[in-house]
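Below: the structure, in structure tokens.
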């Protein structure tokens, strides 16, 4: 699977049917609401594609992860618009590794849950009594001699503040979108237009994705105009008054 | 025995008897002839016939399982010759320790003083119902009035058995927790830590 | 049948088998060979011999009562052929209506071993509180100490009842996860991607 194959990934979702890149274009044009997009459906389609016997292409997996995380962030923002994103510095390698590990572990647990359910079906005809027989002698529980120090240590345990557990692995971290908003606004106060691709060159993929989100925000607020000669050609950013939205050629499949 | 088994397979009353065996071994209370008839979808007279067969098979001296007719109906019990063995399994002095849940609950009641289930649950951060129930069943704690008078939550305190099991002359002999403060201070402190953890 | 019974009376192993029958018919949960040996005051090898005898006698198709090796011990249950009759008068409080969330949580606790709510939530990607509560209430999981010693989050483990409901001799009888599907292959491939990105 090559990088372009990720973009051409055929999707069949409730709200959208067609290739992945068309979906992204429609989102970019705000012709589609992010909240309507079934991200899990896209991941499933990708995983199905991944399981085909082609040679595994690391580049396309990376591309997919970046696109899907950008989409997720976009969707999360649409769902919780007022939630300020206070996100720390970014460690994309860690995030990718953790995401992969968690996806795999969760999938294994789902398999195990399915096995348990099946087992309930096959073992459901084994009936047994819960608890002692109706005419069993009454139970008498006796406890061996205990050490009072155990009580003291139990109370100390309860009185101890919770250890500082690192939660750094709990979320994929992104730089704040606001960082790029400011950067692009500054840039446009000096120049009337710039090329997005060359501006974000050298940044990590996730940073690029967040920069792209900032672009969407500015476009939505009417602060900028975007143009692109062809799908996946460089994106040109300009202040509204200086640019007529000329050749926005959405790819129509 | 083999000839009997062949008979069972070919004889519907014996098949019914097997169903009754199954029902009685699962039942948590004696089953009446009517209960058995409902479950087996058979008529009470045939149930009685099958029960007659089973009373012979599960009779004192012939089997470790004995079929008994009591007020509520029929139930299996252990044979009398096995009474000692059963007593050993039911009163187990083998319980060497308490579960973490029971130990923490007991420690709270012992150190903080009479204390309700909701309070214990707040301090521990998890429901305390089964831990409290097991401590009551073991006789280590008992009810001691209600919070804020009648209508409040039931409070619990430790028992003399608790003191015996832990080798304490009285509650005053509990290991001291000087740094953590006495009953009321300790209660406040535990609740503070718990709410900090929950947030 | 009578000749067999006479043999039982005269043979000490058969006397032991009767004691075991008695213990198993009244017990609240499966009894291990060690439990049986303690209660019967006999040695484990002879207990095993007697159990062999009983497994033949209480076998599926021969008796309405079936002896099974489950949850690390031995227990009586109803024969499978009587399942319909049992379903007519008994309830299944433990396994009825287990939600997908509860099953996933149960799988995590069973496979990952003692683990806490935050750990479960991390794997499932959503909070596990109500699933954990429902599993505790059903008796399928219980508290098992705290993470990082006192003060940490409460951990949970599965109970012998879990093994019994799912018909497992022990937790070791759970299928290996990589036998359950292609999950492991997927995991390896995803990890490959991750490590390639990290390098």
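Per-chain numbering from 1; labels A, B and C assigned in written order.
Everything that follows uses one rule, which is that contacts are C-beta pairs under 8 Å (C-beta built on N, C-alpha and C of every residue); 3 or more make two chains touch, one makes a residue touch a chain.
Just so it is clear, the structure is predicted and the values come from calculations on it, not from any experiment.
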Mind having a look at which chain is the central one, using mean CA positions?
C
Chain centres computed over CA atoms; the one at greatest distance from chain C is chain A
Could you work out how far the Cα centre of chain A sits from that of chain C, in whole Å?
38
Here the gap between chain A and chain B, centre to centre from mean Cα coordinates and rounded to Å, is 47
Using mean CA coordinates as chain centres, what's the gap between chain B and chain C in Å?
19
Would you please write down the residue numbers of chain C that are in contact with two or more other chains?
25-27, 76-78, 82, 86, 90, 146
Could you say which residues in chain A touch two or more other chains, in rising order?
127-128, 130-133, 135-137, 139, 154, 156-158, 160-162
Within their complex, state which residues of chain C touch chain A.
25-28, 68, 75-78, 80, 82-83, 86-87, 90, 92-95, 98, 100, 103-104, 106-108, 110-111, 118, 122-125, 146, 148-152, 161, 164-167, 174-175, 177, 180-184, 186-187, 189-198
Write out the stretch or stretches of chain A touching chain C in their complex.
47, 50-51, 56, 58, 61-62, 65, 92-94, 96-97, 99-117, 119-120, 122-128, 130-133, 135-137, 139, 153-154, 156-158, 160-163, 165, 169-170
As the complex stands, chain A meets chain B at residues 127-152, 154-162
Can you list the chain C residues touching chain B in their complex?
1, 3-5, 9, 17-23, 25-27, 31, 35, 38-41, 62-65, 76-79, 81-82, 85-86, 88-90, 133, 136, 142-146, 154
